[in-house]
Amino acid sequence: MNEPPPVTKRPTRVQLFATCLVDRFFPGVGHATVAVLERQGLQVDVPLDQTCCGQPAFNGGFVEAAAAMARHTIDVLSRSSDPVVVPSGSCADMIVNHYPGLLAGDPIYADKARALAARTFEFSQFLVDVLGVTPADAQPGPSLAYHASCHGLRGLGLREQPRRLLGAVAGGRCTDLPDAETCCGFGGLFAVKMGPVSSAMLRSKLDAIDASGAEVVVATDVSCLMHIGGGLHRRGSRVRTRHIAEVVADSSHA
Amino acid sequence: MHDAALAFHRRIDAALADGALRRALALTTGRLARGRTDAFAAMPDAEACRTEARRIRAHTIAHLDRYLDEFTRAAEARGGRIHWAETAADATRIVTDIARRHGITLAVKSKSMVTEEIELNAALEQAGVRVVETDLGEFVVQLAADRPSHIIAPIVHLSRGDVARLFQEKLGAGQDDVADIPAMTAFARRTLRSEFLDAGMGISGVNLAVAETGSLCIVTNEGNGRLTTSLPRLHVAILGLERIVPTAADLAVVLTLLARSATGQALSVYTNVITGPRRRGPGAGPEAGGEPDGPEELHIVIVDNGRSRLLGGELAEILYCVRCGACLNACPVYRHIGGHAYGSVYPGPVGSVVTPGLMGLDDWSEVAQASSLCGACRDVCPVRIDLPHLLLKLREQAARRKLAPLWLRLAMPLYSAVATRPALYRRLGSIAAWLARAVERDGWIRQLPGPFAAWSASRDFPAPAAQSFVQQHEARGVVTGAAS
Amino acid sequence: MTASARDRIMASVRDGLLRAVLPDATADRAGRWEPPAQVPPREVLVDQFSRTLAALTGHVHRAATATEAADIVIGVAAAHGAASCLSWGDEHLGCPGLLSLLAARGLARVTYEMSGDSVERGRTAHDVGRVDLGLTGAHAALADSGAIVLVCGPGRGRLASLLPPIHVAIVSERRMWPALPALVQAEPGLLDAGSNVVVVAGPSRTADIEMTLTHGVHGPKHVHVILVP
């Protein structure tokens, strides 16, 4: 579960699965991801009929709804066998770790799910593990504090890759938030189903951001960032949130 | 919303409003979690040990009938008496019968979650037996007629002032007796020592039983586990039927992880292994050459109470649990709401699976929703139970049984129908973005409607982009992939 | 009645096993984790044991002879005003002649035998409970946890290490093990050696009240281990 699938030679084309939140709320993250990948010399295909990976339904236990969305996503991403890059740890985790089990009993999609899982990567995982992006001189800029989104961290084992990438483009400017690996409290529908607890967890995360003194909070998932960012904005804080693809795109390296 | 679910949310609200509780929880869970991290960092083969501990527990549960059988024969061969309890009521009846038969009026108890699960104390009290909890935290909980709020730290929710007041009001403690924590501890020791010495029956749980020798392993830091199982003439041990390992070597592996996971200690202060009652020598009298002390009778009550039913399904992995409490210390939800909010004997991540598993989803499905599925629990479980996976299975069962709120049951199939129709998805997305313009200001929405209103209690919500990423990318003219 | 409850539970277990989802369950029992084969030299283990037990607020002493051991025990007794002791039999202390030396120096030994009758037991326990110091040997010591392993049996009662507020244990350095799995692997019959085998890691402790550590809640407050050759 934590090991990146073996890749023998450097791909020339990738598909982008933007995710529903990026698509609808943070299109800039999608553009940044494309820009970074193109700068690496890759051709980036964006299937126009992509929608949602189905994770919210899956997490709520609505497996039929989730399976339907999974089948659609598999169809969308299986017209070509190019690797899939996802600017979201949780959506990549859904495809990689949950699609195979979800569709294990489906005579047509079981194999397709496994095949897709084997060539799907979260953004920082793809840059570091597949493309082997090497560290370069870090650029000046605002201080960054890294929040480790849970599903990428624990589902995909993204302990090193985001930190390596951020270290490469921001150097010592980027540090972990205190309690970086503690859940921010988004959890999808958890944020509304368990609103008061979610808010309490958010408050802990915001306190940690205060304590860090950072100007920008970075993560691999816009889900965490919209929750944290929404809280920061409510407080009138000047701290901003940026997706890791945007930070990388902003720098002239990688 | 279902009554039980409403009650759960009320308890959560109460816990979140209790600043003292939250500070205590943060302090306690933080310290215990750090203890675990340090202890594991100091173990060069910690991961190999966890893998082996998981293998031991998985193998045991997969052959539970064999090992229960072996345990029973071995325990009986060494003088123990085995009783079988299908339900909580059966278990309490067995223990009260034993008490009655021996004219027991006072029993001492060392901490045991399964005895709370079966509500043993109440049954014994009704049968005229005074039951004294001897674990300091449980003793206080008993005095306060309260419930423990953490598997390892039962009175994390009480202050020293609370304890002092209890000792003074209920036990007539003087000012000096409650002057500080060491004084209160010494007072409790004196008070409980005479109970230990007078009790006719000692009741304990079992951390782990060993099948090959019929042994019971009971761990404590205070020593009350030893006193309970050594002083009174009768020892009654309550054993959940899944708490067993095949051999002594297996026990040693699990013990290597148990205290380290719970608190960061290499071992609990007392790892107490009981194999049968006191061994008498041949003949009678003090010169007969047997053991000089120990209980004359050992009764082991094997409790099912839903465990075998839990075994027969997709939640069975939860039976690997050795009740260390590490998942509680790692869980950000538990850290904020504490144990009482969960409303049952088993709180935290393990509780959110065990409670619906043993007691049924009808009343307890909401507890399985109280998780963001962050996975911190799985990271620290000594036997690597995939708790998030089990929670997902529970949610699946709840959704199938229509226990989810109505709006979700309507919204999910609707969302799925839209998300599998890309043209409709894009059109509805554009409409939603257009509608949002009416309520957004500077790119943010202050108040979300309907079931999403809870978001707005503490956060603003980003306004949807006028054009989606895919639309913008398509407009750039760099297009491949099938058009919808 | 009980037999049929057993039958029903076992049937329920067997029935459950037909549908149980048990990840990573293996058919064979063979373990795949072994305690490390490389055992550190004894002095290293003794040092680790001493440091670990000291960190738990236990005390470690070394004695080369019974006289030295007696000096230590008398010293501990004097420090706490202890006039009597509960002790294992001389042959079980691992320090021949110690008990007579202690008797000669005024530390009276209290012996007991728990009767089968509940009331008698209570009376004996109350008397025995007044003794200040408990003296035992030990079957082994564990370096990683600062713990000693006590196997009860004839001449080796449970109460000596349990009731008095002071517990002094004599253990041979030759019985020092790296950790519990290593000991159990070498002595698979250990658990069966007596009705009670207890591993004691320092003095009784609790942090139940406001996470504040205190010692001597129920078990001994002062633990002294005397390492002998």
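Here the chain labels run A, B and C in written order, and each chain numbers its own residues starting at 1.
By our rule, contacts are C-beta pairs under 8 Å (C-beta built on N, C-alpha and C of every residue); 3 or more make two chains touch, one makes a residue touch a chain.
All values derive from a computational prediction rather than experimental measurement.
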Chain pair whose interface holds the most contacting C-beta pairs: B-C
Farthest chain relative to chain C (centres taken as mean CA coordinates): A
Length of the line joining the C-alpha centres of chain A and chain B, rounded to whole Å: 32
Separation of chain B from chain C, taking each centre as the mean of its C-alpha atoms, in whole Å: 28
Between chain C and chain A, distance of the C-alpha-averaged centres to the nearest whole Å: 53
Chain A residues touching chain B - in the complex, by the definition given at the top: 15, 18, 20, 22-27, 29-31, 34, 45-52, 54, 56-66, 68-69, 71-72, 76, 79, 150-151, 153-155, 181-183, 185-204, 226-227, 229-231, 233-234
Touching residues on chain B, where the partner in the complex is chain C: 24, 27-28, 31, 44-45, 48-49, 51-52, 54-56, 58-59, 61-62, 64-65, 68-69, 72, 78, 82-86, 90, 102, 134-137, 140, 153-156, 158-160, 163, 181-182, 184-186, 188-189, 192-193, 196-198, 200, 210, 213, 215, 221-224, 226-227, 229-233, 241, 246-253, 255-256, 265-279, 281, 286, 289-294, 296, 302, 304, 308-317, 386
In the complex, chain B residues that touch chain A: 9, 12-13, 16, 332-333, 336-337, 369-376, 378-379, 392, 394-400, 404-405, 408, 412-413, 415-420, 422, 425, 429, 432-433, 444, 451-455, 457-465, 467-470, 472-474, 478-484
Residues of chain C touching chain B in the complex: 2, 5-6, 8-10, 12-29, 31-33, 36, 52, 56, 112-114, 116-118, 121-122, 125-126, 129, 142, 144-147, 152-159, 162, 179-181, 183-185, 188, 190-192, 194-212, 214, 216-220
